[in-house]
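What follows is a structure written as structure tokens; I'll ask about it next.
In this document, chain identifiers A, B, C and D correspond to the written order of the chains, with residue numbering beginning at 1 in each.
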Amino acid sequence: MRVRPRRDAIIQRLRLEQPRKVKSYRHNVAVHWGDTDPARIVFYPNYFEWFDQSCRLLFDSVGLDWDSLGKKYGVTGVPIVEAKAKFLAPSRFRDEIVVESHISKWNDKTFEVSHVVMNRGIRAVEGYEIRVWAHRHPEDPNRLKAMPIPPEIRAAFE
Amino acid sequence: MRVRPRRDAIIQRLRLEQPRKVKSYRHNVAVHWGDTDPARIVFYPNYFEWFDQSCRLLFDSVGLDWDSLGKKYGVTGVPIVEAKAKFLAPSRFRDEIVVESHISKWNDKTFEVSHVVMNRGIRAVEGYEIRVWAHRHPEDPNRLKAMPIPPEIRAAFE
Amino acid sequence: MRVRPRRDAIIQRLRLEQPRKVKSYRHNVAVHWGDTDPARIVFYPNYFEWFDQSCRLLFDSVGLDWDSLGKKYGVTGVPIVEAKAKFLAPSRFRDEIVVESHISKWNDKTFEVSHVVMNRGIRAVEGYEIRVWAHRHPEDPNRLKAMPIPPEIRAAFE
Amino acid sequence: MRVRPRRDAIIQRLRLEQPRKVKSYRHNVAVHWGDTDPARIVFYPNYFEWFDQSCRLLFDSVGLDWDSLGKKYGVTGVPIVEAKAKFLAPSRFRDEIVVESHISKWNDKTFEVSHVVMNRGIRAVEGYEIRVWAHRHPEDPNRLKAMPIPPEIRAAFE
């Protein structure tokens, strides 16, 4: 017998289908000659540099620049733990691309920032960064210790 | 009736389970001051630049530099379609790191290159690139068309 | 006997003292985290990257993008022959700097582009690039041959 | 009455005319794909990045790494004040170039590092950096104050 889905499962699915609006940032990037390689397309590590820029600009845009976070919460930046990109279409010299970024997932001590690069209306690159909320380790200043993300940080993006 | 697997299928499966030794490349990289950021660690997009270098050096090391591939097979480089990295430990100015690279998976038209960055004996970064064997599209020179990878290319890494 | 300067010489000198207004370009650059080094200031090679961007944007701004120049005049880009910068004050993450560029000198086959980087009203960097108007060498396609700059190119900046 | 120059002044002048052999550093650089641009030659700001690397390696090679200098002498790095390069011949992907660097001039508070890039036996680029021996300014920690270079620093390169 196939059971009916429970009511909270339905609600959960609706949430996924109609996600709460979260704040996003649109970061305009002009592709310069020096960003491109002999194949005349953007050399791919540059996209990760633009992801990094966009992540910081996204935090700045909600009033949470990382220097202030360090002073207020003791975090030492918000270090990268994972980054990935899929390259769907090339970008070229003089293209005006847009990196659209939002926080797509909150975990206890880490979060995921999703980035989509649009170029002339087409999806050129999509990817994400996972970053960790980290303090300097109390026993070893050369190491970091992941810490729970304060709820007001998450709330600032909603 | 469930047939018994044929003998060559068994061998194939054993091969997958006990992978043949494939050729790898060890790429030494000196971390320079300009590779590091105000957190005094490598700015992460640089790792992808070193992945790209290592992938080309791996091909060079088996006698398959991409310029020659273009002339012989008509491929237009071996463009990136996906790249990912996990950052396990930071690297700093003056660290002498090693990027160890090998082709970890062959598909019909794409392949995956795995990269591990070792720093003083510890695993600092691990990641991969997926690249596509591509010709210029016969109907549109601005587009690429994925093509089956010739078996001798794969054989060159074994 | 000391002769009086001729009238056209006087006019020439006045011209030098009161130079004709030439077109310039103001290129806004946001300093990103990844542009700075562990000293928390811009890593200096980046300024030359911004000079290169500004030089191309200056040409674009008068309708002379270098791709079109190649098609119309047969030049193969406008290669760099010399670049210099004086670093007067540091720039930091989040600074919004402006690179102001104009062509400061025309020679027969080369020209000089002057760049000044302003940061919050102070002169942070000043420098120049010298570039050459070059065709592919008729006897060796791997070499370039400097050619006289057409007068309409110079006129476009006045 | 015009005095005759003292003997040690004569020797000093002879020394300047027949310069003592100074220590130099040869920095091998592999030109990677990502260092080149759509013109298929090295994008010129990279040469300044290699100059910066070579300058640090030159100091390291005589046992004067800049981190230790900071601890011993209170200098905050050795910041750049001027950089210049002449581009004599292009370098391309896979070229193995050598940056040869030595300190070409000592002033009271600054010094000049000369760099020559050799590529397959030809002089590809020549240039210099001028750097300043600087402490944090006693009245304003955001500014630097140039200081006399200790004689043992200069002696270490002879």
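The working rule: contacts are C-beta pairs under 8 Å (C-beta built on N, C-alpha and C of every residue); 3 or more make two chains touch, one makes a residue touch a chain.
In this text, all values refer to a predicted model and were calculated from it rather than measured experimentally.
Trainee: Please decide if copies chain A and chain D contact each other with the same set of residue positions, more than half shared, or with different positions, and reply same or different.
Mentor: same
Trainee: Let me check something: if the centre of a chain is the mean of its CA atoms, which chain is farthest from chain A?
Mentor: Ranked by distance of C-alpha centres from chain A, the top chain is D.
Trainee: Just send me the rotation angle from a CA overlay of chain A on chain B, rounded to the nearest 5 degrees.
Mentor: A turn of 180 degrees brings the C-alpha atoms of chain A onto chain B.
Trainee: Averaging only over C-alpha atoms, locate the centres of chain A and chain B and give their separation in whole Å.
Mentor: 25
Trainee: Would you kindly tell me how far, in whole Å, the mean C-alpha position of chain C lies from that of chain B?
Mentor: Their C-alpha centroids are separated by 40 Å.
Trainee: Could you put a whole-Å number on the gap between the CA centroids of chain B and chain D?
Mentor: Chain B and chain D have C-alpha centres separated by 37 Å.
Trainee: Can you list every residue of chain B that touches 2 or more other chains, as numbers and ranges?
Mentor: Touching at least two other chains: 33-34, 43, 45, 49, 52.
Trainee: Drawing the touching chains as a network, do you get a line, a ring, a star, a complete graph or other?
Mentor: complete
Trainee: Which residues of chain D touch chain C in the complex?
Mentor: Residues in contact with chain C: 39, 43-46, 48-49, 52, 76-77, 79-87, 90.
Trainee: Can you list the residues on chain B that touch chain D in the complex?
Mentor: Spelled out, the residues of chain B in touch with chain D are 32-34, 49, 52-53, 56, 65, 94.
Trainee: Name, in rising order, each residue of chain B that touches chain C in their complex.
Mentor: 33-34, 36-38, 40, 43, 45, 93
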